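In the two complexes that follow, chain A is the common piece, with chain B as its partner first and chain C second.
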Partner chain A sequence: MSAQGQFATKRLGKELQKINNSLPPGIVLVSADNFEEWLLDIKVLDTNPLYTNQTYRLKFKFGASYPIEPPEVVFVKLPDRPIPIHPHIYSNGIICLDLLGQQGWSPVQNVESVCMSLQSMLTGNTKDERPPGDEEFVRANRLRPKDIDFYYHDNNV
Partner chain B sequence: MPPPNTPEEGVLPVTMSYRRPREPVYSRRYSYRRTSTGPSVSPPPPVRLPTPPPAPSPSVPDAPRPSSATRRCSSKCQCIPKLDYQSLDYEVPVDPALQCPICHTPFHQPVTTRTCGHTFCSECLDRSLETQPVCPIDRQPVNPSRDLFRARVISDQLERLKVKCPNKGCDEVCTRELVVSHFDLHCDHTLVHCPDPFCNLRIPRADAQPSSGCLHKNTPCQYCGADVMIADLESHYDDSCSGHTAKCSHCNAIVVRHHMEKHLAKECLGREIHCKNMEYGCQVLDRRPIVEEHERLGCVFEAIGKLVLQRMEDRARIEDLEGRLRTMDARAQRAENTSTSPSSRPRMGSNSFMPGFAPDANIDAGPRTPAGNPAWRSPEDYMLVQFERLEAKIEDLQKMTWEFDGQQAVRQLNDALRMQEQIHELSNRVTALSLQVRSLAVNAQQQSNAQQRNGSSGSPSTSSSGTGGPGTRAPSHEDGRRYHSNPPPRRNSDGRGQHPPRL
Partner chain C sequence: MDSEDDFMSAVSSEDDILPDDSDNDDMSGGEDDFDFDDEPDPDLGIQKDAPPKKVAYDISFKVYQPSDIQKQQDDLINEVNMILDISKEEAAILLRYFRWNKERLIEDYMDKPLKVLEAAGLFQAAAGPPKLEIIPGFVCDICCEEEEGLQSFSIKCGHRYCVDCYRHYLSQKIQEEGEAARIQCPADGCNLIIDARSLDILVTPELTERYHQLLNRTYVEDKDTLKWCPAPDCQNAVECGVKKKDLDKVVPTVSCLCSHRFCFGCILNDHQPAPCELVKRWLKKCADDSETANWISANTKECPKCNSTIEKNGGCNHMTCRKCKHEFCWMCMGLWSEHGTSWYSCNRFEEKSGLDARDAQAKSRVSLERYLHYYNRYANHEQSARLDKDIYHKTEKKMVQLQKESGMSWIEVQYLNSASQALQTCRQTLMWTYAFAFYLARNNQTEIFEENQKDLEMAVEGLSGMFEQPVVELAKSNLKVEIMDKTAYCNKRRVILLEDTAHNLAEGRWIFNVELTGVMPSGGPSSNSNSNSRR
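Presenting the complex of A and B:
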């Protein structure tokens, strides 16, 4: 394992330790069997009618250069875990959020803070719609989320 | 999640692919150059893992070894893997404010940004600035060469924290400041180079004795026949050896073979053992539980054992005393011989002057006939006798010195008293003389005053004795009233004025 990989492993170990001790309300750790892929469930706690009584599954994928590079975070679709409707979330689970891009990411962010950001992103949303060109994107995209050059067309949501 | 302090996590890999722009002191001191050749570029297998890794190729005896020219460093260089600060285990939880927001561990060599005052480990911040030259917290632009400084107070605080040694098996707990030197120089569990200059592997410092040679050679396991590295034998016996357990022939328990001797001596319940008082005559020989019960209830031979021990002590004491008595006897006899012999030491009288320096025949008498004198059986005896004589002589001399001292002191005291009396007498006389002189002076003044008075009322020219003072001239051009009110100073012919010299 490279030195960078070790750095990532140690940092994730610390994070896992903290997550096992306590997590903010609405965030649950589902599985963290290794230091490459973790699954978490998030809920929106307030009474936003778009997301009431729903739980969403998040998949984190960590590279060797985490936390210098952002993790890859997507929503996963399961029978009881839908993809939340949001103008920045494609129906295949890919999230268009500057925090998760190279530019917006900062190594002081962590799994917990990303989950909380997504929670608040959903909480503040009022539009019951997918991003423009969602169907086209979902059909055509074969790229990994980190390689997609998102155009952040709307900073208000 | 693996335990926090396994060796593979607690120690950075020996090959460092990551290079930082500014290297802190520690990494420069212990930078580790990778080997250029040889099949051993993979990091060394950690010693005493629960499951030893498959034997690496360089340890196979006939595998090509790197030549001594490709050896990384001289034999004196220790090339210890760098202490990994991120894996240190702190004795008490560290305040989150003292933890780096990037690595989530207590700061190591903290640096603070000048622009926004945020603090990070220098290594972590360097990594982050490589991708984006901004503060990771608030995205203010940061120039690594200009906008960073080291806040001593933070690192000082952290260096005082107590940490555990990162080596597995080491119980050392010390301040973080000292753990580096403990790890680098003292800890027996730190992996150092194999003492064999041709071996590239590492071994705990305690096992790296030049006398024991390279422990990375394979040896067939004595139980299962598998090839095992000598350094890993212990863990092999404990865990992976296929024939590592055996049935105890006495109690049928399954025991790790390696510990069979210990089992038989201390644990086995089926083997017959003797009572611990066997040497004092106890005949009990039975299985361990029975013997233990017998010992617990009180073996009669225990008292006998105590007696035997006591007797042995007594005997030792008696022997010691006998030896002393013999020497005392010898000395007494010697003393007797010395006092009766013709050349016995004469008592030195205190009335004779300096008897110690008189020509001493008895000192010289000894060496001439040491063998002839029955009291001197050995040169040591002779020397001893001489010593005693000299000692006595020194004592006499001391006494004499004290006497002389006393006499001298008394004489001095007498002299001093006499002198004091004389001085007293003289001072009395001087006082009397001074009184006389003063009375004389007073008389003389009275006389002169009387003369003056007579002179001023009668003829002024008769008063003086020819000194020509102002008194002779003044009446010529001044009237007499002036003299009455303000008499001029007069000088007597004998030099004594109105103020005679005091004594």
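Presenting the complex of A and C:
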């Protein structure tokens, strides 16, 4: 645990250094008080009418084997931070994206690249809808995102 | 090998066994009839190549032990190694890539070797064996380490990471995710597969063992004709030619050397005569909360005005809805005001005002009662089968006791063992006949089926009763003969029932009240319904 924990800490320390220096446009670090949980805000940069003038809050949770294992990433709902509408984002903030699953994750990915992937996932979306079965899923789900066995059926959205 | 062939021969040979059965219906059969009963003899499994008689529900299969599985892999690897003049590691990777389809591999490789190598993650054979390197100015993209003298590694794609990160990555894949044959380069979007030789220098010895275990597994998992025996601690695999598309026509039940009987199609315990799709639906239905809703609609009524759900738990028929204050009669659902002075006894059943409401209620009640009819019988046999396990253990004690008390030899008390085995398999079958019947639309076949079901059920209950007699009774020779007769009869009735169902299934003569081939309605397409519905 401690050896792996150190592993994650070292890497996150490096990432934080880089993030503090510069971040791509539309991505803001909100808090990184420890190496377990970080908060970031993202914006969609182009003029997609679904997301104009909105800011979304992302919560990253890192396990001891990050970056070998993917972080847990969800949208968080606050009075001024809605959950973006998207056919792969459930209304409780859980994101269905292969990049965040064990199969699609690569240890070369990092917090910044995940944020950028989510930005582009929103940018490219034209559908004003939630995933099918959203209501049922949000009501019944007691699992953490990493334990959900998502089935990535469509990489085009 | 070809399932269609097996299948046809199974069907055609069915004809010569039926008359044989009907002749023997007089229960006179003793031990001679045991050729039907392949359950108590686990050895039969491997001698299935040329069984003397084939029945419609019987399919051919083979059981392989771990050493057989290893040998098959080695043989294939050696063969490809020689034919294509590539190393064994590469032959193994190529075979895994082609899902152990040797012919296709050789054909494709002869055609365009480079393309095949690239697709399988082998690229072009690089110079020299893989090794760790120290490269000046190297920064690891995973841990961001830039220390001088850092050992690093890359496979042929050139994506280089420090050896620590590589080891972390591999142990995650092997230990946690159970991957082996297709571990890809850690780089994002790089599909190159890490070969066995590279793994050998990267993983620690305890991990190597697990790695090879997992590799062995992929051989079985990659081949559609092979499946692991699902029994706990059983390491055997079963080969069977029945294909997925045939599952609406046949229930491929196989029996492992460990004596576990399971369905090759869905790996669940023996569920003859019900086809896999029905089994899946039935189990889902039984597990679903939807039956709660069914209960509600059958045991409660809705206020005719505001539709609030009401359960009457006592009192008179004069209902006043708590929500909307609507007054109605519980019996006829009509307006209470229309009841005039005949309070508290509703004799206005034919009145129009309540007719529609009652119709809806009645429909829902019928469907619930139908379900419960089949479910109760299914569950009863399931429970009895479990109790039979207990009986089986008691039987062993009884047999020892019997040997002492009556002076019978070991071989002479084996009839109890046979009886107990018969009870278990017959109950297993009976259980599934009820799930089967639930989905069956009524026709002439159904009548015959229900007769068969009734016969088997009566025989089983009869045998069960005899079986529970005290040891003193069991020792008497007339009861012994009776039990042996009944055992044979039970086994025979089971064969007849399975013959009939399997035959009609193969001919497509059953009419189900659900679509058999259709994919089950599941949860959201972007999420696995299994994990979502877990509470």
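Note that the second predicted complex is superposed on the first by the 156 of 157 C-alpha atoms of A that agree within 3 Å, B and C clash if a C-alpha of one lies under 4 Å from a C-alpha of the other, contacts with A are read in each partner's own complex, and residues count from 1 in each chain.
Going forward, a contact is a pair of C-beta atoms (placed from the backbone, for glycine too) under 8 Å apart; a residue touches a chain by one contact, two chains touch by 3 or more.
Predicted model, so just to flag it, every value in this text is computed and none were measured.
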item	value
First (chain B), second (chain C), both or neither touched by A:136	second
Which of chain B and chain C A:96 touches, first, second, both or neither	second
Partner, of chain C and chain B, that touches more residues belonging to chain A	C
Which superposed partner A:107 touches (first chain B, second chain C, both, neither)	both
Touching partner for A:10 - first (chain B), second (chain C), both, neither	both
First, second, both or neither for A:69, with chain B first and chain C second	both
Contacts of A:80 with chain B and chain C, given as first, second, both or neither	neither
Chain B and chain C contact sites that coincide on chain A, given as residue numbers	4, 7, 10-11, 14-15, 67-69, 102, 106-108
Partner chain C, residues of chain A touching it in the complex	4, 7, 10-11, 14-15, 65, 67-69, 87-88, 96, 102, 106-109, 131-134, 136-137, 140-143, 147-154
Parts of chain A lying in touch with chain B, wherever the complex brings them together	1-4, 6-7, 9-11, 13-18, 67-69, 102-103, 106-108, 110
Complex contact set, residues of chain C against chain A	141-145, 161, 164-165, 168-169, 172, 176-177, 186-190, 523-528, 530-535
Of all residues in chain B, those that touch chain A in their complex	1, 4, 9, 12-13, 16-18, 86-87, 101-105, 124, 127-128, 130-132, 136-137, 139
